[in-house]
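In what follows, structures are represented as structure tokens.
In the two assemblies presented below, chain A is common to both, partnered first by chain B and then by chain C.
For the complex of A and B:
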């Protein structure tokens, strides 16, 4: 009788799961204060990755509080707590040979460490201390504002990078929670200690966090430690709900953003013309397929293969290009930008060619050879990452917070295994349309242009640059 | 029903306390832990900080000290004024049925003052000035005075410092053969001190130990239960002291002899709940992770159980509204049984451009009264504490 009742109580209390797609036993449970814990045993190397992520990002900031999450995470990382000041923490981490970092993005705020297994106790102490004891006062806030201002001014010196930032910011629909991760310093300066403290107390609490531990751990022993360190921390009772991330009914932005900038890396004129496409939420399988397509295009640029040649018209329209995919819980983004030297390039021609190439892919798919090569490379990458516990922990966190469940941890690989040209054709047709595209134009070093620049440009682009490949 | 539930909890807690637990002796456990490597005016030490952090972790992980009740001062934080301030806070916080551990790892100094024939010992804070010890350091005699001001039942000072032998005075404790020995020592007050050495001795730290001789053996004595000389369930401060005397003397080839003394005439003993390794191993092996999580949660919420019969809850799969923002829909995934009271594991509806089934948040814990029923739509039932089933 007792056993029967006990069974039901236990079952009710905790839902344990062994993931089928994860390599190594996975256990998950909630502490009574709401902290979600995901433990994965991997015993191949005597180390452990500890990542803690909070379900808060810049998308939670109201107009009056732009940049507040960045400032609070900076205070956590750069100031620390009474017990673990930044200096002391760095010293102790070095003693353990730890790798560590943090990332405050649109949708989440993450702190990660990878350390020898002997350091697990120490890291749990640090992370639990950060959940309660971060110092946020007038002095700290002033320091963080000063630092932000210094970083901002430093960045501003890189006019091209800054123009990119401005262009991407311009493409963020007004009134949508996704706004610049780098707001103007005047907005940062308007933040108060009280609002920062209240932000920290509301969001950086156990019931808004996920603790992921991957590595050479013993579940029983580790669970005891987790309870010791995190069990007493009170939960927050005023976590605001997630805002609406839908773009429905929100006015979209202008279709073109033009900038002129001086490059600190090049002394000659040049230009960047980019296409930005709005993409679906990371939740959709299409978003994963689109991310794979982005990687395939990147590979084709790197290999200078037929797809790249088609995009660039055999490098006559531009000599190089880069692609990027920004994954977010709300809408995501695809970005392809072309690069030219001695000229900016023709916006109309490049835009037309990019769209016609994508249309070609929509009709014909990717060359089998390239697709196979990409799949093999990704699989090899997986093997290489087998002992990168930190990457595994971060993937689990991403799956839990962005995809809604850590069990989707392997989704990218699963979709890749099944990926066919039919999938590629379908999503390319659906999302790469002219209506969905924004254009960025950055002309560089216009002041360096002179009467002979067109001649130099013609000679360089037709006879030198197009035939010269630094990778070969 | 309540009885049955309690029975279940007792069953789950079987491995923790055979006859008596820390919680039966003390309401709360407090600690002030100080470790100083980095001195402003005297040569640095190498392992005092490591020692302090190791002691802190041991108290939290092995001896049920609540993390919130353990204060640590390291290096430059450990100034004279900060130590006094934290000591004062500790004295105010600790109540009549509590225990307090004070641990200091750092330099000590000795100076003959004025007409005093006997030299006075001092604990050296990070900002101590050797030329002005009385006003910049903490006189060892102050430990005795401090202990008198506290209401705590048991206080233990562990001083891992040079010349630290000066603070102690000889007073007898109860013989272990006394009738009802355990009962008496846990009821009686105690003010005990264990120092790393006698006066004129210097404490030893070694790279191979990564600790001082004193703290190395302090950890093995408590954490590995080696100080449990009579094999019962407890380690007393006296047992610990005798263990340290033997082991530290051995490790330091008799150049350092820890002193175990009482600061007052009280005859109680600070108790550290001890379980033999064999018992502990059996306990852990017998529990699977699910049982352990429930047991640990029960310990956390021991004093807060709010079990209600006939608790009405929303059924899993049903949708309600978030009370704090009624425009938000909440889907109940399951009812989360916590010893402190039921809650929901639930998902929020997200407003994103994704298919309906993909637009729910991750699961999180939500309090029962934070979910409102939607009349005519939300399905409710009564949570059965015996079975975990919602009828």
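For the complex of A and C:
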């Protein structure tokens, strides 16, 4: 009798627990058509983030179809669907004060919305319609091509940005699927309606997608809604396999890409010298550590602390810098750009100093104070983002499609908690080598140079900028 | 008596379901239309404190509201409010230089050594940032240093900047958006701002301004997040309790609105030869904070120009293929409220854009708002309020603005939902006819004079300015 009573007490407790929605709980399941669903309960605010990502990116494009994924996602976003014209969709979103966006990258294509919980039904309807009812015909394709051409011409006016794009294209290993995200308009113009439709039907299907919902949801009710909106969508049986994204066998050697450009933001002559290093796939733990190292260098630049002083030789080699880490499924990339005014700077000296500083970090690690401040900064950022359900949803998607399992969605934070100087030293020594490096040099506003520029440069760099740091 | 072992299994199952059903609502909280708990108190020196607990994360958000603004500039010393505010973090008694303050902020988790929000506008000044729960004491200490003990050091950086300003070509430092805004506010309410950048004020003037306007009665501190109210009171008492107020309280400057029912259409044109497109600003009246028709006015404006793609203004923008920008804002200032439409147009389309806006003003003046539009507008507004309640940052901004700018009590703030709901169709149409008067408005256009010639021909008495020309003493008057 005691056991029987205990059983009922336990059963009652489980039922009681299920009646509550527990913050942070994650549920996942597949629909029979192959759609993967990840649900995370967050009850801090009455809103929900709905993100749907398709396992397709520019890396899936063959040479003849460069830019096709960009055109298809543009059609989805700008033209709307049979049920939701763009105007109707905008009106409904406005009513709920929804935030939304899209992103088509090398590895995936993503559509996201963050909306009041009352709007969940509506957004699921929109996303399911996007999976079946997108309008792609000759008229739409022509419009998209025209738009691409306008954007391209506008973008080309930003000569510095364009020089960076060209340099990055040059750095792509020949024949690798990671070719330019923005091909020349002539390549776009060769795309046909048939090929775009076929692309959409193959890749934008439930068995190639992940639906992530984060927010103030009731799991049982939400699951019912998901089945109702997505359950009847047929799966695709001709999704091409992913291409190989490895760089193995591809020759990687140090090289330099030189450009001259006019800057529309910067009125004086000047220059940018960038060091690009190939980095491992995002799936490797080392990639996470490298991303943290990038952020630490960024903090050091902001602080103008000893590490930045070492990189720049106390701002004698360059006056400011920026770092960037490009995370990808295949290989990733680390960029450090240095800036100068009235001069471009010495490529050899800057390259040598950057490598020597990285070597120093490889041997000695990062100052404890800087590492501690970085950890605090990240922790605070994590708390600040607590209500940004859209960011949490994107993190889950990124973990599922790029890292291989959504359960890794907190991996950056977990690794950070354990991060030591030994990890930093090991990783820096392994990846920051001269053979693994490319250099970009952009000389800016050469037309504004005159006979007295060297004198102005000398005064500015040796005196004024020694006393005054405008970027601080 | 019924005991556990006398209940049969099936009955126990049903019993447990019923218990769950009955208990669940006790644990779930519906935050819709309901302000969270906020504690309010005042120090003896007049400084007000608001405390809003939220235990989702071990983090606190500090929001300091300073009731001093650029409108408090003396007549003969414009821009001093900005100078005094933006020099606050250059050094204090305890942190002698900007670098010391930056270091402190970095050590508290800042990514750039600056407060997340640190600005002054023509309504108020504010300092805001997140801190870890354990850093609350240090965060408040730093803010108290900046507010109470700034030293206004004379810096080489300031000196060098003043040289750069003097040597630069006059037009290179002026951004057209600011030009448009400065002229619009000057035309509308005689609000004067220097067009050309000036060297910052002297140390003596800054200290005097600080002494007069940075005073405890002008400050409201809101602390939200994972806080213990008793501890917050103790820390605030420690750092702000001894702050003594000076006796002299400067009176707020009075600004009169130049626009009334008999103004007609006033146009000021600023010639900027190099402008690729024309910029246009149209200013109209708006309800004051204490006007009974405030909420009707807000909804009427929302129907006309709410950000997004579904307002009447957005319909106008669609006729120009969404070229450039076209937006509208309602500023709920206690004394000089206004509605402003700002647009960017190709020169050949400027007259067309003006005509479309005029037509819409006429429509709005003639009872054209429908029940569906009103309901939709209410829904948008209520969603906006609800979206602010859960995040410490958004909540504190919402509360501080209403508490200080609007002068509302916390009870009054919690009635905002009710006020919005109660606006009738008649009220919103009446409000629209007051705000959107096509025959009385003030307008500023910035652009190339020759390219705007056709547009300008349709107006009499155009007031002309050149690009870098300072504002003239007397603005347009009724």
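Please note the rule applied: the second predicted complex is superposed on the first by the 442 of 472 C-alpha atoms of A that agree within 3 Å, B and C clash if a C-alpha of one lies under 4 Å from a C-alpha of the other, contacts with A are read in each partner's own complex, and residues count from 1 in each chain.
Here, a contact is a pair of C-beta atoms (placed from the backbone, for glycine too) under 8 Å apart; a residue touches a chain by one contact, two chains touch by 3 or more.
These figures come from a predicted structure and were not determined experimentally.
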Handout entry: chain B versus chain C as contact partner of A:376, first or second or both or neither
Key = second
Exercise for the section: Mind working out whether A:225 is in touch with chain B, chain C, both or neither, as first, second, both or neither? Expected result: first
Fill in the blank from the handout: Across chain A, the partner (chain B or chain C) reaching more residues is B
Exercise for the section: Applying the touch criterion given at the start, work out whether A:116 contacts chain B, chain C, both or neither, answering first, second, both or neither. Expected result: second
Problem - Partner chain in contact with A:453 - chain B first, chain C second, else both or neither - result: neither
Problem - First, second, both or neither for A:404, with chain B first and chain C second - result: first
Practice task
Check whether A:330 is in contact with chain B, with chain C, with both or with neither, and answer first, second, both or neither.
Solution key: first
Exercise for the section: Starting from the residues of chain A touching chain B, keep only those that also touch chain C in the other complex, and list them. Expected result: 4-5, 8, 11-12, 15-16
Practice task
Sort out for me which residues of chain B touch chain A in the complex.
Solution key: 4-5, 7-8, 11-12, 53, 57, 60-61, 66-68, 72, 74-75, 77, 284, 287, 289-294, 296-297, 299-301, 322, 324-325, 328, 334-340, 343, 345, 347-348, 350-355, 358-365, 367, 385-389
Problem - Touch list for chain A against partner chain C, complex - result: 1, 4-5, 8, 11-12, 15-16, 19-20, 44-47, 87, 90-91, 93-97, 116, 267, 299, 302-303, 373, 376-377, 379-381, 383-384, 386-387, 464, 467-468, 472
Practice task
Note which residues of chain C are touching chain A in the complex, please.
Solution key: 4-5, 9, 12-13, 16-17, 19-21, 23-24, 27-28, 31-32, 56-59, 102-103, 106-113, 130-132, 156-157, 160, 172, 306, 308-310, 376, 379-380, 383-384, 386-387, 389-391, 393
Problem - In the complex with chain B, residue positions of chain A that touch it - result: 2, 4-6, 8-16, 27, 29-32, 34, 36, 55, 82-83, 88, 121-122, 125, 128, 207-208, 210, 219-221, 223-225, 227-229, 231-232, 235, 237-238, 240-248, 280-281, 283-284, 329-331, 400-401, 404-405
